[in-house]
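In the two complexes that follow, chain A is the common piece, with chain B as its partner first and chain C second.
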Partner chain A sequence: MAEVEKKEVAAATPPWKPKPRPIVRLGIVLISHSLLVSVVCCTAGVVALFLLPMLAKNTYISENALMPGSASSMLSNDDISEAERLAKDLTSLNSGAADAGIERRRVLAKYLSDLGVEVGYHKFEPHQNQFHPLHFFSSPDSGLSRENGSCSSYGINVVGIIRAPQADGKEAIVLVTPFNFRKNSSSEALSISIGYAVFSLLSRVTWLAKDIIWLVADSQYGEYASVASWLRDYHIPVFSASSSHNADSCFEGNNINLLREESLDRTEISSGFRRAGTMAAALVLKVTDVKGQLEDTLSVYAEASNGQMPNLDLINVVNYLAVHRQGLRVKVEKFLSVLRWEWIWVLGDTLNFIGKVAGSLNPEWKFGISTPDYVEGTATLANSLYRQALGIPTGPHGAFRDFQVDAITLEISPKVVYTNQGRRNEFILRSARLIEGVVRSVNNLLEKFHQSFFLYLLTSPAKFVSVGVYMIGFALLVAPLPLVAASLYVDANKPDPSSQGPKHKLQINFKPWKWLSAAKQVFTVHAWGVFVSLLPYFISQIPNSTPAAHSIIWFSLSTFGLLVLYLITKSHSKPQKGEWENLKSVTISVVFIGLLLMSVVNFATAQIGALVLVPACLLAQPLKLDIRDASLKSFLRIACNVFISFVAFPPVGFFVLKGVNEGFGDMDVGEFWTWLESLWAWNSATYIYIGMVHLPCWVLCLHILLHSC
Partner chain B sequence: MRSKLPDAASSRKMAASSAVVAILASIWLCSSIAADASGSSSETTMHTNNWAVLVCTSRFWFNYRHMANTLSLYRTVKRLGIPDERIILMLADDMACNSRNKYPAQVFNNENHWLNLYGDNVEVDYRGYEVTVENFLRVLTGRHESAVPRSKRLLSDEGSHILLYMTGHGGDEFLKFQDSEELQSHDLADAVKQMKEKHRFKELLIMVDTCQAATLFNQLHSPGVLAIASSMKGENSYSHHLDSDVGVSVVDRFTFYTLAFFERLNMYDNASLSRLFNSYDPNLLMSNAYYRTDLYQRNLQEVPVTNFFGSVMETVHTDSAYRAFPQKNTPRETRIRTGNTAEDDSRRSILTDMTKAECPFTRIVSSLESKMETVGNLDSLVNYGLVMILPVLVVSVWLST
Partner chain C sequence: MATANTEEEKSKSEQQKNHGGGGGFTRWAVLAVIFRLILIYFPGNLNLSSRPEVSTPLTSIRRLAEGYWLKQSSMSPYAGSMYHGSPLLLSVLGPLTVKRTILTYSVANAELKGSLVTFYADLISGILIRATGWKLQMTYRKSLKSLNLLNKSTDSGGLSSGDIAALVYLWNPFTIVACVGLSTSPVENLFTILTLYGAATGIAPLAAFGWVMATHLSLYPAILIIPVILLLGYGPDAPPSKLFRSKENGKVGDDTSSQDIIFSWGRVLHLLVWTSMWSVYVLVLCSISVKQHSSLQEMFQRTYGFILTVEDLSPNIGVLWYFFAEVFDFFRDFFLIVFHSNILFMILPLAIRLKHRPCFLAFVYIAISSMLKSYPSVGDPALYLGLLGLFLDELADMQFSFFLFCGYVGVSLLSPVMHNLWIWRGTGNANFYYATAMAYACFQIVLVVESVSSMLNHDRKLMKLSASKLQK
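What follows is the complex of A and B.
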């Protein structure tokens, strides 16, 4: 891009054409003042990022059809007591018995079929998420499920479906309650209670326009795996006879068949996979015990893979109903460590003061924000940004997003572990009414969620920063990159002032192929980046080794690869003039392209990456030159360069971040490996970014720093 | 215009004998009726029938209240005497059978659920996607394709009072139809103008319950049009209350208070339009109701609301109406029967039957009227008049010589 711009500049300024077009002149002015522009833009970009909590808007229900809370709850105490009876029946079963899980499923299925709804079992083989280099960005149907199913382990979900009495059955709303059938857990029993109370009510109502699916997900192999495999089977039916035969033969001899036959006698449990319409929304309901809370709280988790978010309206509806109808405290996750940072509080105070001053000057300007609000907002925003950047779903709802279904996880935690039945019933009533309200609201939808935002960052449960606002900071950060690249290129190719007389400033002896050698270097390093990103696939095949060993093998192999590359491509010719400028120019262009591409895939990653890479690239200058210069400015630059290159190295960056958040107490080299493993296991694009954009650019910056010019 | 010629002729013959004057008077009477019948000036036409066009323009479950508004008004005008065949009911969606409806096949306009608006017999003429701007304009202007049945046409004439009620989502000079198209104030004004040209109404009351409803009347120019809007420009029209059982707002404020006004009335009440207009309280409506009366000639205090919202005809008073009753057993039966179908024409003919024996003047008038109804070609009537002029001419010529 920079080259193109450059060529335009060159073509537009021949001497016989005295006045180029204004856009060209503007470009020339910006390029010739690229240092000033980049300093201003980068500062503004960082400032804009810190202003985001102030610019956050209050959420509002954008979709008219939703009408949350307009209908009064129909849930009665009868539903609750029936649900509690189910919970008691489930927990009273001896957990030690081998068939307790089967017995629990049977009890649950019986309760469901007594409601008159369709009940089905869904058996699945949990499979480990494995790194497969070709499966990034591929559809969820990766064919992993039936490859090497060992018969020893499988899970069984229980699914109940209410058919909407007056509707066409083309749409459905999904409720998910993770439940470990093998274990007795009071909080999971509580979530089953809530789920059943809502479900039994919904089986009676006349106002359903969408079918209701209640998935009691067998969580013994993880909550996500069971939901994901059910979703996969729901959306991708298997027609091949052989594979189904395989699966069945696998279950032969196990007691699943026994279970099915036994239950078929009394209840009508379908043997086939039951489906309803396309999913309008999904709610994952969990109850957790968190000690030391002042009131019943509801935590909302929304981030799905690669920073995708459900439509903001879904969060709004839940937040509105929880706060204004059921009196629950709604939380979204935040970085608690940010609250401890003094300088954030100082910044908050400053902004508060500025807001007040502005308010006193003109009462129309109301951008003031109280300091605690600002700090809370920053902590939540940081977490929101981090979770999205990580690209790992924060709960089973992530599986729905892969099928473009809006879903969130609601984690309700009671104030205390209720022993009193009355208090417990009241808690169930409130939670169930919340779910009922959300279901009724979503039921009113006429189309898929589309009115509100999909691209946003939350700064509190009721405040958000939309894409139009947060893009500004990023755009300001990356804007100097092409300008600096162009200006470096111009500088590098400037004719020697001694040989030619003083001419027009930008009239240059244009050598179009000079940048090719630099591009070759950049390409080689990026190829190395691809190699490094693919290495873990082979390393992870090594049996019986610890993450720490993996990390060390990986590190040494990568370094070895780099050395080999260096030796192969090393040119023995003496460094030419403008070589490092060309290299830097091409590097910056590549970083620019990489960041822009990444901002499309996962904005948060690009934003965090830009915060590190942009200063690293812009500041990079051979240390030799700076040392030779020996001024205060060059020493400052050396310090900055060394610090940034140190921090920008991915493992170092990871441990620094971790240390800032959790303290520098115990560090294990293996943790970095585990962290990266989770990234590729979840097909996070952040992994690709780190391997193919960040790491090569870091190496190139290092190369420029150590350049022997 | 035809009456001018005999008038002029008679003025020239003022000195003629009294017999001639009597003949002239009868001719004048005759020809003036003919002039009325030709409809050259609607001011003098009698109000003969009532029509109502009730339109709900918005779809979707959350617009339940618009359908409830329209159905409530439908019920009211039906109760006040406009028969189903004279009501064109346009409902853009079917809330009663929406799967989200907690009460299948029922529509309520109040959370107390006393009254099911979708009860016994609701004749929806245009439903669902048939409710378009095109169809609406076709109904008003009467320019249908030949296949459209009579029940879907507005078969009004120059003696008709038409109530046009519209509700939905509107804005500055437009009303949204079906989430996809708009009726603009120009369209409405143009349609009304066409109606006027084609003698499709005597008086037209347009009642609109939308946001910024008043702007919809900006382009109206046709005489005989009275307009009421729920809100001024820049104002919203709000819903009245939410039925938390059904889960939606069930009625709009303007319509709610209009209905509240009519609930206290029956067919025989003489409440005037100005009373209706003054009954709107801006504090309760949360908007300012707007009336456009500059195109309307009559004094609103003298116009009963049933002129538009009901079907109560002006009766011609007779001096001995009560004496007639003992002898009129058979007509009363007919009246009950026709009262059910509420055929205005037949009712009027009953009235004329009743008065036939007693008063010679009313007898002449009514017989002329009935003749006017029965005699199809008015030209022959005029021709008779011209033929009668001939002997007068002969006589006057003979007298002057």
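What follows is the complex of A and C.
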């Protein structure tokens, strides 16, 4: 891109070179036809996005060392019945009793220490997610604050660690089962059964090369919080004496039950925080009850914060073992509303037809895809894009990704709620065998997962679009930006024939620096963007107010800030020639840089953002000019501009998307606030993108539209 | 002396004339100062001092604290390959980094004091740049006047180039980051600027002191001796001497001139004497400082040797670390010579071509060395971008300014993201980060090439204009 721009500026210099080099000429041609090129590129970019489900490849296991399913399962019915005994003991405790939680923990710890493994408790305070606008650029632990919160609420995880008998203990595999110790839930008990069955088997086997950690995460304050705080304590030990003293005093002062429990179990349970080696992979296991299913299904959740994905090999292994060994149906979340869209089906039919025609012309061209496959792929892809773009982890596995550990959540849902013990045992057996197989595969790993992709979008559990494919569509979409910026810049800074004075005057006219004033405007608007994105932090401190009130305060403060800025920087001089071209050129360059940055940080956000911002920026032209022109073309452009700038306003865009998905029924102004709050609470880069790239560029586009040239 | 006085008066009258512009300058400069103070006292969680862009092995103040600690505990400050700076810096800045009480308090305190040092260094640098700018502009005006090329429209602008250069230096995000991020590069930059200021105003002892200190602190300013000699010999930047000669003779291209621009050997000799005196002085100070636990030889090995042999391969914004991480060991010496002589090769041709513009020559040298140096940090672009502002009048027709601006903005945003992707997320690798380093190097090359070519174009333009005037 940069080269093109360079060439372009070279083209702008007076033609003392009669014949420029071919590459320069190519650049000149591209820039002089920037309109055509941008229309073609943008269309191609959008088309490429819709072709992605067709271009998806089947997954394959890239790392040879994994060897999934090559060993036969060793899990026996004894393990299952033992696990079921534990589950019964846990559920039989009276849930109403105040110390049921403590009792359950003790039962679990008892069972674990009977297996001969190390058991430990991990106390934690659920952290309120805090606003760290610059979290992304700093290291993960720098934003961490160990303040002394109230000691009233805390959770206790139970951790069991199997030391690999013949290994040096430098690596570990983590199993996580969220469990609410205070409540009785049959599905959570089922997941404990599965976990325990696997764990008891693993405590006996000889082939372990990595330690196994089983974390029964106390989910009363949310599954994510407990796992995240355990991981933080695992990776960031506290050396300072003062802070650990604080934490201890907190627990000692407030809970006598805990002390009693510790004194009871002192013989078996270590009091310190137990660690194993670096984590090779982590599996989060959940069992849910979903009504109306035809068979036992396994849903895979992989998205971590900021659209990060675990290595594809991990998903591949799970998918391979679940489908080919245990006969489970593997699902990935998809947008059900996409399935209802008529035009997607029509598009699928068309693509199917084209594929068939191409196949009949030359049997080697096999890019056809059946219509249902295409629609399913699109729905999954749309969900994959949306989840990554949100930047909010889809489960407790997200906490692992912050420490570079590959993790996924496996959500197993049985066909029916089993009442028959035999059927129930069979279900546990299948699930546990799946986990055992995955653990055994990961156990074979020599290095961290590195062979397969980290950057991909899923279109089905067994199909993916890799970074090399989806980047093409994105690159096509943003390619016109530098071209158009260059051509506008050339137009705006053309040497004016009238101003060419007599030759002997030393003219220092600073013409090539004319873009500076435009850059100043753009910078001011972006500074306003920073102000707007920092505002919610202060607004959220206001006590006793609803999200709707928050959003109204936010909106009015932002508008007020913009007005003040406008009044301060308003120039009274007559608009100069080429002013709006320069402004548009700088705006487009900034959008280009912003989108490029965002595509590295979080591709999905950049892709969705580009779909909106690219046409908005490219089409923007002062309405005055179009009205003066009064042709069909300019009328069309006005219509497009008005429509796009309406939709590109973030709240409007949010409500339109929501309406398309869930119907335009009840809309609440506060919803937008809640949505954004969730974004910043999770440190999503998307929030920064909206505040510092999208919103300022939208304002600049509006400014260009209303420019008085 | 008399000429200096008249020039000073002139500059004063100039200052009064541009009072509005001067007010603007003061306002913005004070704002820059306040902005820095705010950043220093509210450092937030940016963690700037651990960024690879800010703290290289040479400029990190944390390493300096480590060296100071070693020295305090009766060891060589260079033990353990942590500290690679000057022992003098250790004596001056070291006490500021000391930890007195408990951990958290002392670190904050030390950081605060350290940032105040860099803060003052930045402030003085800004003032010196402004003074240099005044001097340069005076000379420029004078030479234009003597060529009858000065027209009134040129001095109607708001701020003079010196003011703009100082503001560019003070408001440059790179400078601010280097200042707040506790790196010693503001101090190094201060001495480089001091050299240029001393040379431009003809104060040989000051120039010699600045040069000796800058060379002592970071080695690369050593090549500035050529611009400094030229500055003292010929005086500040002026159009090519050919022009004046032709004006004298009333005809272009007549080489039989009687009066040439005189190269004042006296001042150069003066400079050389002072340089040797300062060097001896600094060396004596160093040897006193290190003699207890170490030796001068070790100092040279651990500072200059460390710079020249590229021992530390931790990533930075330069291009050498990656290359020397990849290169086979038996080629290492060869490539070390190749890379370092890259800078040396460019000295002579540039000095010949730009000898009439020594300040600009210094800018080009600084830009080239910051591109090819072994441990570059953001302090280096901060310096040369600030100096670039000094030549605003001459470089007004510079091409690609917008392109370069976008490039610098893009690279400086992309580089931390790529680093994050590689180090913290683990989804990228070293190539991602190195790609931004290469892009950055390319932009610097474009900047140097474009600025030199537009400076030469400016000279050609002057030549053409004066020729057309003479023909009339």
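We adopt the following convention: the second predicted complex is superposed on the first by the 650 of 709 C-alpha atoms of A that agree within 3 Å, B and C clash if a C-alpha of one lies under 4 Å from a C-alpha of the other, contacts with A are read in each partner's own complex, and residues count from 1 in each chain.
Rule of thumb we're sticking to: a residue touches a chain if its C-beta (ideal position, glycine included) is under 8 Å from a C-beta of that chain, and two chains touch if they have at least 3 such contacts.
Just so it is clear, the structure is predicted and the values come from calculations on it, not from any experiment.
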Open item on the list: Under the stated touch criterion, which partner chain does A:530 make contact with: chain B (first), chain C (second), both, or neither?
Closed with: neither
TODO: For A:358, select first, second, both or neither according to whether it touches chain B, chain C, the two together, or no partner.
DONE: neither
TODO: Once the structures are superposed on A, label A:70 by its partner contacts, choosing first (chain B), second (chain C), both or neither.
DONE: first
TODO: Quick one: name whichever of chain B and chain C touches more residues of chain A.
DONE: C
Open item on the list: Touch test for A:454: chain B only (first), chain C only (second), both, or neither?
Closed with: second
- [ ] Go through the superposed model and pick first if A:404 touches only chain B, second if only chain C, both, or neither.
- [x] second
TODO: Considering only the touch criterion stated at the top, classify A:205 as touching first (chain B), second (chain C), both, or neither.
DONE: first
Task: chain A residues contacted in one complex by chain B, in the other by chain C - done: none
Task: For the chain B and chain A complex, residues of the former touching the latter - done: 60-62, 97-104, 242, 244-249
Task: For the chain A and chain C complex, residues of the former touching the latter - done: 2, 5-6, 9-10, 13, 132, 134, 136-140, 142-143, 240, 308, 401, 404, 454-455, 489, 503-513, 515, 519, 585-586, 589, 593, 596-597, 600-601
TODO: Flag every residue of chain C that touches chain A in the complex, lowest number first.
DONE: 44-47, 50, 103, 144, 149-151, 153-154, 393, 396-403, 405-407, 409-410, 413-414, 416-418, 420-421, 423-427, 439, 446, 461-462, 465, 468-469, 472
TODO: Could you pull out which chain A residues touch chain B in their complex?
DONE: 64-65, 67, 70-72, 164-168, 205-209, 440, 443-444, 446
